[in-house]
Amino acid sequence: MSDNKKWYSLDLGLNNKKESSGTCGCGKTEGSCNSSPKEEELSADEFYEAAINASIGEERHRDGFEQVFDVKMDRRSAFKKLTASLLIGAGAVTTSCSVTTGSDTKEKAQIDWEEQFKGNYKLMTDEEKQGTINRLMRSYELRTHKKINMTAENAAEDVLFGYAFNISKCQGYMNCVSACVEENNQDRNSEMQYIRIHEMKDGEGFKFNKADDNYYHEVPAEGHFYMGTQCFHCDNPPCVEVCPVQATWKEEDGLVVIDYDWCVGCRYCMAACPYDGRRFNWSKPEVPEQEVNKNQHYLGNRMRKKGVMEKCTFCVQRTRKGKNPACVEACPTGARIFGNLLDPDSTIRWVLENKKVFRLKEDLGTEPKFWYFMD
Amino acid sequence: MGTFKVFKSLVIDSLDTITKGSKRYHLWMGFLTLVMLIGMYCYSIQLEEGLSATGMSDRVSWGLYISNFTFLVGVAAAAVMLVMPTYVLKDLDFKQAVLIGEGLAVAALIMCLAFVVADMGEPSVLWHMIPGIGVFNFPNSMLTWDVIVLNGYLFINISIPFYILFKHYQNKEAKKSVYVPGAILSVFWAVGIHLVTAFLYQGLQARPFWNNALLGPRFLASAFAAGPSLIILILAIIRSFTAFKIEDKTIKKIAMIVTVAAQINLIMLISELFKEFYAPTHHSESAYYLFFGLHGKNALLPWIWTAIPLNVLATVLLTFNKLRNNLKVLYFCCFILFVAIWIEKGFGLIVPGFIPGPYGKIVEYLPTGVEIGVTIGIWALGAFVFTILAKTAIGIELGELYYKDKNTST
Amino acid sequence: MKNRTLIYLVVLLLGGTLISCKEKEGEYHSISDKIEAESKPYHGNLTSDELLVDTELIKITEGENTFLIPERKSQIKSFACIECHSKPLSEMAGTDIQKAHWDIKLSHANGDAMNCATCHNGSNMNNLNSLTGKDIDFNLSYKICSQCHSNQFEDWKGGAHGKKVAGWAPPRASNTCVNCHNPHSPSFEKRWPVQFNTKTAIERNEGLDH
């Protein structure tokens, strides 16, 4: 399996370190060897910063012709960055070789290096998945001295998640919205939210453009009804089709997920989504340390970085353990039904078979797995 | 080994050429470098803060960068309008212009790629897009098609002129059997890059403003108006600043191309407007927003109402032979046509696609200073690249630059 | 020479178009086809047993549905009721004993249709009382509600009404009526939404003011 991996991986692991402890592992770039004493003095964050600078920010220090041809070109700059990153990697190795640096800094650099060049999660074997979540957990511990628990459960057999929303029941309290934000570690600065609750006027039908999805008054308001939207986890998702690097895909259990570390941030999926299901990290997402939900899944609520997409995952970290998504659990009115579409005895199946259900924009052929119904 | 020696000599000679020139030339290059440095600085801010440094939001998630990208793909494709008559139809009038056109295509493509990279949220992992090393979602994603065709077109447009110039540099005649197939390929390819870029938008069922069958053809028509307009303007500049000889006949022929393309473009515009406004559905809301504003939000009105009259005026003026053959009027028309199409095919196309959003919500878009800085920087980069290419090419074509074989000269 | 190149190109173009035709990976026409085809045979093995260990549950069978509901009696603070209601209600009324349930106000149905005795049996407070006077165990209080709310009862049995106790995975454990509704005042009250998104408000109202 690992022989026909579809990405490029560099074997620069800790095993390498042992052999090269005397000679410095970098060999080919003397420059970074010599400059290593400087780097050793850097604190962890500074090193990280420097690494980022070196990989993507170096055009700042260039001039004239070089600057013109070396910057911002698709493939060329990608190669360029690859070499730049190789240099950092070499630097990282030298750092890890040196005796004077703290072992934490070494380890951090090692983790950053491996994370930068890991493959697409979708194509990883189970061991590789375990490897990356171990690194991510360790990295979090090194940075914050707090432990998190991250898992990489795969889709269970014979499970296809589906969701039903009872329009008659929803009263617009928005408990689901805040539960979702807390569960999924969404950026507090930009107040990112996956769920929108649309307040619609009775008698006007589904007029989304006239609906208010950011109301603040006593609810339920007279003469209005409420309708929630989020990612519908389409069975034929247009967002997945358009992603140029397969950073987003549909899992076996029907969840449409994103590998935050593989996403290049082109936002094509966002343009392709007819349901406003996707959110982009326009700046670095921040969650106060004490509010971080530490039960995480690689594809779910782990901490994101700036410049990548994210979206509702039906709380993959919960649902793959048999729990309900946070929104379902938080809903005080029971308007949200969640379950396994393949289980003939599940309540979601009963809803689909016995209630009058419909979906939004069905004519687009996206086959959402999110139904609406009324009492 | 001989070829390599010639190549080395060519590089040295061209470096020599591009670093020497009149005071005006140095001022121009200095100015471009300064603008590029400003753009670079703006980009560094964007890298630091993330794309929040731009005016884009979850609602309007593509802005000035992608607008310019779209427009420039058209400019690049337009080079073919000169290639076809020269190499395929054997109309020699264009021979001088075609090198300029291909140089322009190269510059435009470099700008395109720069705009795409500038638009990326996570440029440090762009290697994920390299086939073989990363994961390339081909053929499902139109963006991967675009990457392929743009880079392929860049390669063609570098290699053909390079081959010809390389031969001329050695005072040899370029072999037709070598470059003509490439030229024919590039004709198809140019149509391809623009259609594929249109399909990028056209294929999104989520955005009714883009999801219409006319988008691709209209891309082509407007590109073949805007691109050659720019070529005419550049030829005019080259004519007046260098010894490179370009005949009036050539310019007038290109003007003919511009005219026909502009006319077709206008017809398509009318057809589009008819469809959107005669029997408006809620899919026409984006067009309403663009032309009349929606719910009091009307940021694009001044732009589009500049573009449409300019477009119509230019097309009408160009239609009359007498006016078109007057070079002053022609240059003016080309300029306003270029501006009009830049607005219309740029953010006049991209921004309304996102407004209103999937649930009818409107958030307007206005680029920030950082974004404008990066954009201007990239345009300066394009001008810089083009100047270098054109100066070398002109030098070779004028015979100022030629290979001095040491064996024979000493 | 030129012709051959042209033919070659056309073939290439056609080939490209063919390859690019999206091959659908799912063999199903729609999601309902997929559900139907893939759910038999069903042998999912995830359970929510672990999530339910802390809740005391009882198994009920109503019509075709068999599922778990939370046990109720242990949740009622003053159960068993006969510890105070040692005599029938009619005999206790009017005495000077401190009133225990003074705060309960019935805002359920119209007073003509319903009073305390509709559900409670004055002479046997340990059980509820059906419309026909039969005893209903407190643990099965849904039977009281289902006498009038038959539509809700149907939906609840099937799973369209009400919430699950813990997770989606089998076994099914659903909350019963009184876990969400106060039987004396069953409707949900008006209140303010729990949050307001200031960033969205700014984005939409001010729009272009950066």
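Letters are used for the chains, namely A, B and C, taken in the order the chains are written, and counting of residues starts over at 1 for each.
To be clear about the criterion, a contact is a pair of C-beta atoms (placed from the backbone, for glycine too) under 8 Å apart; a residue touches a chain by one contact, two chains touch by 3 or more.
Fair warning: this is a prediction, and the values are worked out from it, not measured in the lab.
Taking A-B and B-C together, the chain pair joined by more C-beta contacts is A-B.
Placing every chain at the mean of its C-alpha atoms, the farthest one from subunit B is found to be C.
Every chain gets a centre from its CA atoms, and the centre nearest the mean of all protein CA atoms is that of A. Separating the CA-averaged centres of subunit A and subunit C is a span of 30 Å. Taking each chain's centre as the average of its CA atoms, subunit A and subunit B sit 35 Å apart.
Per-chain Cα centroids separate subunit B from subunit C by 58 Å. Annotation for subunit A: residues touching 2 or more other chains are 190, 213, 241. Chain contacts: subunit B has residues 57, 140, 361 touching two or more partner chains.
Multi-chain contact residues of subunit C (touching two or more other chains) are listed as 22, 204. The touching residues of subunit A, when paired with subunit B in their complex, are 6-8, 52, 55-57, 59-60, 62-64, 67-68, 71-75, 77-79, 81-82, 85, 116, 120, 122-123, 190, 196, 198, 207-211, 213, 229, 238, 241-247, 261-268, 270-276, 279-284, 305-308, 364-366.
In the complex of the two chains, the subunit B residues touching subunit C come out as 55, 57, 59, 139-140, 145, 177, 180-181, 184-185, 188, 297, 299, 361-364, 366, 368.
Those residues of subunit C that touch subunit A in the complex are listed here as 22, 26, 30-32, 34-35, 38-40, 42-48, 50-51, 151-152, 155, 158-164, 166-170, 172, 174-175, 180, 188, 190-201, 204. The part of subunit C that touches subunit B in the complex is made up of residues 1-2, 5-6, 9, 13, 19-20, 22, 203-204, 207-208, 210.
Per the touch definition, subunit A reaches subunit C in the complex via residues 156-160, 164, 166, 169, 171-175, 177-178, 181, 190-191, 193, 197, 213-220, 235-236, 241, 319, 321-324, 328, 331-334, 337-352, 354-355, 367, 369, 373, 375.
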